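Can you read through this structure? Questions will come right after.
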Amino acid sequence: MGKVYKNAADALEGLTFDGMTVMSGGFGLCDIPENLIAALRDSGAQNITAISNNAGVDGFGLGLLLEPRQIKKMISSYVGENKEFERQFLAGELELEFNPQGTMAERIRAGGAGIPGFYTKTGYGTVIAEGKPTREFDGETYIMETGLKADVSLVKAWRGDTQGNLQFAKTARNFNPMMATAGKVTVVEVDELVEVGELDPNTIHTPGIFVQRIIEAKCEKRIENMTVRERN
Amino acid sequence: MGKVYKNAADALEGLTFDGMTVMSGGFGLCDIPENLIAALRDSGAQNITAISNNAGVDGFGLGLLLEPRQIKKMISSYVGENKEFERQFLAGELELEFNPQGTMAERIRAGGAGIPGFYTKTGYGTVIAEGKPTREFDGETYIMETGLKADVSLVKAWRGDTQGNLQFAKTARNFNPMMATAGKVTVVEVDELVEVGELDPNTIHTPGIFVQRIIEAKCEKRIENMTVRERN
Amino acid sequence: MTQRTGWTRDDMARRAAQELKDGFYVNLGIGIPTLVANHIPDGVDVTLQSENGMLGMGPFPYPDEVDPDLINAGKQTITELRRSSYFNSAESFAMIRGGHIDISILGAMEISEGGDIANWMIPGKMVKGMGGAMDLVAGVKRCVAVMDHTNKAGASKFLPQCTLPLTGRDCIDMVITDLGVFSRGEGEGRFRVTELAPGVEMDEVKAKTEADLRWG
Amino acid sequence: MTQRTGWTRDDMARRAAQELKDGFYVNLGIGIPTLVANHIPDGVDVTLQSENGMLGMGPFPYPDEVDPDLINAGKQTITELRRSSYFNSAESFAMIRGGHIDISILGAMEISEGGDIANWMIPGKMVKGMGGAMDLVAGVKRCVAVMDHTNKAGASKFLPQCTLPLTGRDCIDMVITDLGVFSRGEGEGRFRVTELAPGVEMDEVKAKTEADLRWG
């Protein structure tokens, strides 16, 4: 029952198929599961529905899957740092479902938590609300959003132990913990794989129950928008 | 705008009133906000609706508020370690609303997260579902539960800094973090009050935004059910 | 009274422990299910969840290890393991409700032939509450109920319909009693007798069971 | 073209910063709102939230401090403060949706007289998405929009109804433009002119505003 796999290709073995739904963690290019995304591309799976806050950039992140046209549909809150994405979208080759970022985060949490639907004020009165059930609470109208799940969730963490307990670094946490809960199978790449007992049980962000496979892998960690100040 | 108060009485000053709704953290007697509960009793507030997983024991925890009959209604998942509770309930002096423990935890989280309602399978087909709206998702029926909020939340944490950032110890976390988010005003007692910067930002369980007032206080930390094994 | 045949409480716990598979995440209820932890087969590594917010529950502490901040859902003092992690109650029940726990073994007052369970209240008596039981039976992947087959008066607790208020509907996959094991697969309506306790004859089971089982 | 009167982008940011009170938790949008951080009044201590999962956002890093694991919602590299805390996106938006952020200052393409805001898409152009904007305007206690009063063609951006797809309905409490400040209190339908930028006359505001304000 070991959860530790040799490398990304190994970790995705038997999990990929045409028409699959994949969640992919990260925010912008910050701690995306780089190696697992590349292995998913190499698997050749087609017609993927990808749930990810962003769509990567050309040649990196989910951009890797866009070029060989493996993605059929994206569910995201913010895209378009990516020329190939724009081209496919404008040519009608790519479906796109925008979710408000908080709604998306909550839908993923709900999916993992066995909550099939919840009400939110976000998007009421906008195109986002079109076709969605509404309900009044205390005189205010809310729209119903549904839980999201995936066949496979790809997650990037800072440290993980051999039981799959995870810690995330700083703002690299973002969508990763919820996605870990919402995949039928969750595969994780970590900067540092440690023995069980090395992580303080009080400071684990994702308990190992949500993790089925884990690899240690080197990450490029690209910076999308380097902004610095001068020392005076 | 300092959040640090001298003691429990000081921290509740101006917050208590007849008919108020109070959330009180802890599980059993494990890390309940002992000192704040005692100060709430001393405030003399009447007709309190108390939201707490349990109701304390005679003379400790929420039991302190039961004896002087300050509680009108309890929302709990498990009670009755408490003779006075039983007496008042059987005499019809105390209203009691049972919630499944997970539904209760999620209702409190929802209250703090701006989610007025959500669907769950828990309790479907039981008395808990009576009178609640239902909805089908993928052929299964779920019941709707609503978010819970409080006028004041009383929370017990292990360590807190002067900005209200909190850490909880082991299983003493329980309901405390969600309750911190669901109070109009959240008052916290900690074992250890530290300076800002002493807690690792990566390991904070409750960010200070949810905490309005904080005190350091000595806790008795009663053990409800001491169970040990022998060294052989 | 004749000499008792069938399983003792400890036997039932031992039999329930056979349902645990290597790598499982497990929630054990109070009573007989607690004893299951003593009978986990060799080579089977499971992680115990405590719904008040812990994975990787360890054994009871030695007297000098007792920590008031470390208790299980029965409010007993416990210990942590190297693999342990802590989380809040909302996260704990997200885990339960979301189907992440592989198996729940829990006590029962009554089980119906359709897999309903009643184990939280007796009308007319002081009701303590359902705690996490309703969430567990609604959320956990597989639920195994352990109970005596009959009550003290000899009446069947395995019934066409539960007479006590339900904890959950159509959620029990296996029932282990002092007389044997009763199972139903995914999508099967009724239970089959899949095992008899030593010395127990099918006739005795039939005589003591009001529920309509698939006897064939 | 005549010499420009009214506020510059920096002036607008400075004016917006006056809305921050000591102890506030604040979310700043991109564009002019980002500049607000440079103008926080002395003696006012606020905590900046970044919706990708941080409270206590610090200034941009020195070149040798850059950390790829530490970015803001605009994906810019930032730093942490002693008070900082990190959390996941669900927790971050629970904070926003639950009304725990005191104020959001954000850019706008159009504002309606009823407090609607449009700031995320222009039909016919490539749409990048709303990111967290819809959650912010729906959830934060008080929303202040900062925008130029007119577009490059001189047409009013303060309108009876937004012509662009909405980000949120009836959610903006104050509008700061290059011409002045427009406010409405809790439960008030329309905005009042509460302040004019230096050199700006009410007639100019009236001429450049299509929205029906409470001019009185």
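The first chain written gets the first letter, and so on, giving A, B, C and D; residue counts start at 1 in each chain.
One rule holds in what follows: a residue touches a chain if its C-beta (ideal position, glycine included) is under 8 Å from a C-beta of that chain, and two chains touch if they have at least 3 such contacts.
Predicted, not measured: the structure shown is a model, and the values here were computed from it.
Student: Can you list every chain in contact with both chain B and chain D?
Tutor: A
Student: Using Cα averages as centroids, what's the distance between chain A and chain B in whole Å?
Tutor: Each chain's C-alpha centroid was found; their separation is 33 Å.
Student: Just how far, in Å, is the C-alpha centre of chain D from the one of chain C?
Tutor: Here chain C and chain D have centroids separated by 55 Å.
Student: Return the distance between the CA-based centres of chain A and chain C, expressed in whole Å.
Tutor: 36
Student: As a quick test, compute the distance in whole Å between the mean CA positions of chain B and chain C.
Tutor: It comes to 28 Å between the two C-alpha centres.
Student: Send over the residues of chain D in touch with two or more other chains.
Tutor: Expected reply: 80, 86-87, 93-94, 96-97, 139.
Student: Could you tell me which residues belong to chain A and also touch two or more other chains?
Tutor: Correct list: 106, 109, 113-115, 120-121, 168-170, 201-202.
Student: Based on which chains are in contact, what kind of graph results: line, ring, star, complete or other?
Tutor: Contact pattern: none of line, ring, star or complete.
Student: Please list each pair of chains that are touching.
Tutor: Pairs flagged as touching, ordered by label: A-B, A-C, A-D, B-C, B-D.
Student: Which residues, counting only chain D, touch chain B once they are in their complex?
Tutor: Chain D reaches chain B through residues 22-23, 25, 45, 47, 49, 55-56, 80, 82-87, 93-101, 139.
Student: Chain B touches which residues of chain C in the complex?
Tutor: By the definition above, chain C touches chain B via 50-54, 59-63, 66-72, 74-78, 80, 86-90, 92-94, 96-97, 116, 126-135, 138-139, 165-170.
Student: Which residues, counting only chain B, touch chain A once they are in their complex?
Tutor: Contacts found on chain B: 106, 110, 113-121, 135, 137-138, 140, 142, 146, 167-170, 200-203.
Student: Over in the complex, which chain B residues touch chain D? Could you list them?
Tutor: Residues 1, 109, 111-115, 161, 163, 165, 181, 196-197, 201-202, 204, 207-210 of chain B touch chain D in their complex.
Student: Contact residues on chain A for chain D in the complex?
Tutor: 27-31, 53, 76-80, 86, 89-90, 98, 100-103, 105-106, 108-109, 120-128, 158, 168-178, 205, 221-231
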